[in-house]
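The chains carry the letters A, B, C, D, E and F, assigned in the order they are written, with residues numbered from 1 in each.
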């Protein structure tokens, strides 16, 4: 069970319910996932994190699907079990196909490999890459 | 300097030159960056890594630009200096605008934050996310 | 089950029992947690690790509670499941309140975010920060 | 140089200046460090990050000095060069003594060691640590 | 369950079966582990990864057992649960004794500790180590 | 410069000199590298770390060269600049050939790739790997 437990809607304070309501309205769902129910133990962090995510994940120069792919890429690279499970589900719900997922995994694996080859060989940055 | 040094085209063996030629032809450039010149000390790894990268980064279900964004995201998350420098340059050359870059950074930062919140609160995976 | 199994007190060699006894005496408990029971398969590492921990976690310029908070912070940042569970329990036993825990999580999340923003934007170190 | 460059006060937009002014007022300094000058290329992220930091690092259940120690601990664990330099300077300015720093480093090193011992020995979580 | 499921031999395409057959022949076993059954959802990645592993893990300047120890070391350092479990099993099957395993764990733990001490103290690289 | 500076032999306390003397005697060298000179600011950590390293890196079930390869593997995986430089130099001094180094890098890169593939595909551990 989560360290401080999960807070269900019916047990939530008005301040937490306000965030839950916004999550459900923004995401057009009636499901609040465990991440938010755990953060609800700290209403300030819940609100701040949700506001940040809402701002960051809104379509902009990058579309929603691309943003979700990036989120999964980081979570896989960090090997965060919860985040991989939840963002993979979310990515698929947003239209990430099996083929996209396969290519995503291949890139994440490759980047993790070449990151270490670059560091391990102690490769100096090319002059032209110094901004 | 790189651990085993950098191998310039003029000093390269035919086996290495073949890879260099393919890199330049595929990328439509006459520039070989330090990553490949360092890997050239191990022709088998050079060839294997280049063939893998060529296969993985070719447009497929995901377009080239999205793939490059994902590569940068992983490199930043891993904090690999060389890879951030080279793939950021590469991403910009491929059309990643400043606005895209800003959004990319915001997502990478956010994902790294929520990855730790999820782990730190020891949040169990929602039943519906268990594939 | 742990790779080499867990060694219970009754099955332990005198050399291992000596460490177990010291752990129980130092911590004023009769409980030996799985970490030590697993390390007991390597008595040299068991003894060395315990002696190191005892030295490092003793109150000094930093008090015990602060030290435990730092231990949790690192474990969460590394996303080590066992360590998060055991050190969170330990922190709470030592007086870390729910409010302290909430603030701790918020800082760990934030630091992980800004660490990547700093790396991703390739920010050079301010002259005044160069020691 | 930072990817998108550093934005000095005199070149900043009103929206960025507003954040700079708040940073200087809150921190009682006339120095804006490179981190903020780089983020200023993305005013939304600049404002969001600063507001978050201000909220999270304000004294609460944990005092300012403890919070700064935790920030350094995470940055060292992640091996973020910029963040180690800037937060170590900040910690010292806030009263972290050499002795505190020494103990901090010892704990961070130790936690990184035991995190891997726990994972490497595949130690199962003690029943009593399951919250 | 794995994101895209596991593909059993009887359900595999000829292209996947070819790789499975080579794995079984090379490893002199009739067991295909879950890693390959999951990758089989992406035959290109399956084939590429297997060919790479086969090339890299073949005895060369380093013998098989040393190579397997290095693989475990990285997996433990990254805290990848699946990889620790599978490569530890594989290492033991290849002749890694309990004593070797104990020493391996001790080194991995120690290296993770000193890595952070080096970064945390911001130690500059000795002139003689600059290649 | 290192956060607390580097302590030269001539400026060292008797307690620090004793460790320096042991390092030089054990390693049959008159060179003390920056890592120890930085740690010397904390004589307790200096002594503890040196004693641990001496114990762990002594030939046992694994020979010295294998141990050094593992140390480099972890340092590369963690991308610790100082540690990669110093342990690569140390490995070469102990007899690691260019060919061994090449194979080492290839394995470290590969393990980092497959670690993420395993996590990203959310592959469950095979029954037979559960110890």
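A few remarks follow.
Going forward, contacts are C-beta pairs under 8 Å (C-beta built on N, C-alpha and C of every residue); 3 or more make two chains touch, one makes a residue touch a chain.
Given the structure is predicted, the values throughout are model-derived calculations rather than measurements.
The chain with its C-alpha centre at the largest distance from the centre of subunit D is E.
Repeating the A-F interface with over half of its contact pairs identical by residue number, the matching pair from A-C, B-C or B-E is B-C. Both subunit B and subunit C derive from one sequence, and where they touch, over half of the residue numbers involved are common to the two copies.
Centroid distances from subunit F, each centroid being the mean of CA atoms, peak for A.
Separating the centre of subunit C from that of subunit F, both taken as means of CA atoms, is a distance of 21 Å. In terms of their C-alpha centroids, the spacing between subunit C and subunit E amounts to 27 Å. The multi-chain contact residues of subunit F, meaning those touching 2 or more other chains, are 1-4, 41, 44-45, 49, 52, 77-81, 85, 88, 102, 104-106, 108-110, 112-117, 119-122, 130-131. If you sketch which chains touch which, every chain touches every other chain without exception. In the complex of the two chains, the subunit E residues touching subunit F come out as 1-4, 6, 31, 33-35, 38-39, 41, 45, 49, 52-53, 56-57, 60-62, 66-67, 69-71, 73-75, 77-78, 80-83, 85-86, 88-89, 97, 99-100, 102-104, 106-108, 110-126, 128-131. Partner subunit B is touched in their complex by these residues of subunit C: 72, 76-77, 79, 81, 84-85, 88, 104-105, 108-110, 112-117, 119-122. In the complex of the two chains, the subunit E residues touching subunit B come out as 1-3, 5, 44, 48, 52, 55, 130-131.
Residues 79, 88, 98, 101-102, 105-106, 109, 122 of subunit D touch subunit F in their complex. Residues 3-4, 41-42, 44-45, 49, 78-80, 131 of subunit F are the ones that touch subunit D when the two sit in their complex.
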